[in-house]
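Okay, here's the structure, questions in a sec.
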Amino acid sequence: MREPSAVAESSPVAVTQVQEQTRPWSETLRPYLYVAPALLFFALFFFYPIVYMIYLSFQDWTLLNLEEMEWVGLDNFSTLFSDPDFHLVLKNTLIYTFLTVFLGIAIAFFLALWLNRKAKIYGLVQGAIFSPHIISLVSVSMLWMWLMDPQYGLLNAMLESVGLPPSTWLADPGTALYSLVLVSVWKVVGYNTLIFIAGLQSIPQDIYESAALDRSPAWRTLYKITIPMLSPTIFFLLVINTISSFQVFDTIYIMTQGGPVNSTNMLVYYIYEQGMDFYNGGIASAASVVLLGLAGVLTLFHFLFLAKRVHYR
Amino acid sequence: MAQVSLHHVGKSFEGQKVVKGLDLVIPNGSFTVLVGPSGCGKSTTLRMIAGLENVTEGEIWIGEKKVNDVPPGKRDLAMVFQNYALYPTMSVFENIAFGLQNRGVPKQERKRLVAEIAEVVGLTPYLDRKPSQLSGGQRQRVALARAMVKKPQVFLMDEPLSNLDAKLRSQMRIELTSLHKQLGSTFIYVTHDQVEAMTMGDQIVVMNEGVIQQVASPISLYHDPENLFVAQFIGSPPMNIIHAQGTEAEHIGFRPEKVKLRSMAKEITSTAALKLEGRVITREILGSEVLYYLDTNRGRIIAKSSADEFIEEGILVELSVEEKDLYRFDKESGARVRHESIRLATGEQLGGIVS
Amino acid sequence: MYRVWYYPRKAVEWVLLIGVALVFVFPFLWMLLTAFKTLPEIYQFPPTLLPEQWEFGNFAKAWETGPFLTYVLNSFLVAVGILLLQFFTAVPAAYAFARYKFRGRNWLFGLTLIALMIPPQIVFLPVYVEMSHFQLVDTLWALILPYGASAFGIFLLRQSFMQVPDEVIEAARLDDASEWKIMWRIMVPMAKPVLVTFGLFSFIYHWNDYFWPLIMTNSDSVRTLPIGIWMLKASEGGKHWNMIMAGNVMLVFPILIVFFIAQRHIIRAFIYQSK
């Protein structure tokens, strides 16, 4: 009938046509129509505001009168960076972020190693330490204000009952910032722990079995296997926790109002005060741009890291 | 009912040609099987007929209509997939009725049609179940019912039996062929299993590397292969091939059951066109027949003979094949070579080896 | 040797486990207990554990200090409104990202990932300005619209849609189903577990949200429950802790109860972000 190899090349290509191009334009348009609504929302309430915010940071303006804006170039940024309050705000934000992220991740790591078991009790404890994460910060803040009440609070009562001196908690510039750190670590530890447990469970079990056969002591297995295998998880938590710590607002607004004497004033609260209370729109947007820059750099790091990880696989 | 024809159909994926210039007519009412090793382009061809893949070149006609630009749902065909592709969130009833609903068949009519088909394939007690609550064979029936209920001109089936166990598979083969007789519509069936192809098809299309190798009925495909590929692909165990060596111009092939074995001690009958000496390496007893694996100086040969008479392993035997049972293939192209006259001299041609 | 030590060690571990659990759960119990105490009792030192006299009136008193029914309704409207919008924007977008090849797809998906990483609170100031241009400040729209599309939802659904076997979609095409119908009748029902997960995440997040309503609202008729609870504290001068805690119980315990019913789903919803 026919020879196998000869047919392919020899026949005249009479009816050749590229069908891809005859696809109706409505089909070509379809995916764009599908993504359009979501992207429209992003454009209106995320990307456009970012651009607009950068524009606003070069203007002298106030929320009281949006019609009047004056181009002032980099004046807002120079005012901002020469404001000693802003220096303090940056310092507070960095201390708060460092402590929250470090403690939140370190405690969670050890909790995860401990609680990553099958028995029911461990699941219950996991649920218990996670529960603060789903509670509104409003309630968390008020609850801890009450617990930290210097005179009638439960915490001081407990300190005294074991013979320790009571703390001033939120009332003193020396302890207020650390009290806020305590609250946010309490809230975030459960989330971090469960992320770590998810990470631990994705490590193939046979690696541990072969390490055990190689008589690797527990600490070496932890150091040489568990921690390196968890590095993507650790990195993810670093980025997520840092970005959210930069944004701390609710606890400050409710518990301390930035005080005492600005000791708990941090970036977003500063932006809020400048924009909504003091009507310094320009300064507020310049500070927002600084915050955006910090979050943007972290996000970029995260994506680069992910890209590298993909590369390694 | 309709004839499906492909005119010079080709398909490329990212510059790679997977189907090359197919010309094929699938007659109205036939059970046509596309068969070939994996990656031969058979599934792609089926999917082009279905409209699930765009055609890069050429034309596809169903009945009197060119369907290149017709979307799958409007081609008046139905397809049964290898993994059934049932809608997991719909009940059996909804699965079967979905296509009717999309065509705007009124509700009462839908109920009647689904009930009718369910009766035919024996699914009536399961209409309210979800696919996850059914066995493999029942899912297969749902997939069939979903195709049948639309009363299409053409049924397409992409390895529909390969997820079933052996027993169920042979049962479904029979059911499918009798279904084909009942409906009288055109069936196009893709499989990599040549046994399935031989037992079910009335027209078999053997494909390799995107090219049609032969189109024929099962019988003529077996007895009259067009080329080396078909000869080796069809039949189990495959045809023995003695590859051309040195100045020889042709490969020689013969079916295992055509090999006569004689113990070397016995006298040699000399009418055979091909004689070889070989040693039995292993044997497989199939029941009524035995397969012998023999080592000869022209390579491994498989012989099939009746189990009436055993030859022990390690015995040296003489193999002989009659001239009428030999197939010759061109050394370069692998195409079948048909000589005008039977050359009795062939035996002597290979005589040197036979001793 | 091992046997002898096994039980004491187990007992010590149980004590530690319960201790850790109490660190995180006891504050909520304290909230509940305080809500049932009388004003003089909460100002006793050292404090009592259980109320000496169960005072049930704190809840009613808290409820009457402001239009709490309005707050609760607003919270529901906002959380459900956002959820619906996010659902109807995420499904088509996720379907397109998962199932179509089109020019600019990776670029557009990259934009979605940026929106996933950078929280929208960062841009509250320009959004506020935008809202005041549209005259939407101090309306529920200002609370709902900025969250109309969820990058997280798109991301989650896209993953789920990508796992649907091609054959199921092809079977539907052969059944003459339109793309729109395939999306809503085949894909969405198959993604139900993911949708439940996402729905819980979104609802809890917006039920709890405090920052956005604080910025965007200043009249009672559009305030949400977290703002109402906070105002309870502000108006009471922060001294009636029993009443304040009673108010907080209304905000916290519905979520905690849902959490204990759907714990696995909720944990998965929040943990999923890391994958």
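General observations
By written order: A, B and C. Residues from 1 in each chain.
Everything below uses one rule, namely that a contact is a pair of C-beta atoms (placed from the backbone, for glycine too) under 8 Å apart; a residue touches a chain by one contact, two chains touch by 3 or more.
Owing to the predicted nature of the structure, the values given are computational and were not obtained by experimental measurement.
Shared contact partners of subunit A and subunit B comprise C. By number of C-beta pairs in contact, chains A-C lead all other pairings. Rounded to whole angstrom, the centroid-to-centroid distance between subunit A and subunit B, based on C-alpha atoms, equals 58 Å. Taking each chain's centre as the mean of its C-alpha atoms, subunit B lies 58 Å from subunit C. A separation of 16 Å divides the Cα centre of subunit A from that of subunit C. On the subunit C side of its complex with subunit B, the touching residues are 165, 167-168, 170-178, 181, 185-186, 189-190, 192. Against subunit C, the residues of subunit A that register as touching in their complex are 28, 30-35, 37-42, 44-50, 52-53, 56, 63, 66, 111, 121-122, 124-139, 142-147, 149, 151-152, 154, 157, 160-161, 186, 189-191, 194-195, 198-199, 233, 236-237, 239-240, 243-244, 247, 249-250, 253-254, 268, 271-272, 275-276, 281, 284-285, 288, 291-292, 295-296, 299, 302-303.
Those residues of subunit C that touch subunit A in the shared complex are 14, 17, 20-21, 23-25, 27-28, 30-31, 34, 42-47, 85, 88-90, 92-93, 95-97, 100, 102, 105, 108, 111-115, 117-123, 125-130, 132-133, 145-149, 151, 154, 179, 204, 207-211, 214-215, 226, 229-230, 233, 238, 241, 244-245, 248, 251-252, 255-256, 259-260, 263, 266-267, 270-271, 273-275. Residues 50-52, 71-74, 77-79, 81-83, 85-90, 98-99, 102-103, 146, 150 of subunit B are the ones that touch subunit C when the two sit in their complex.
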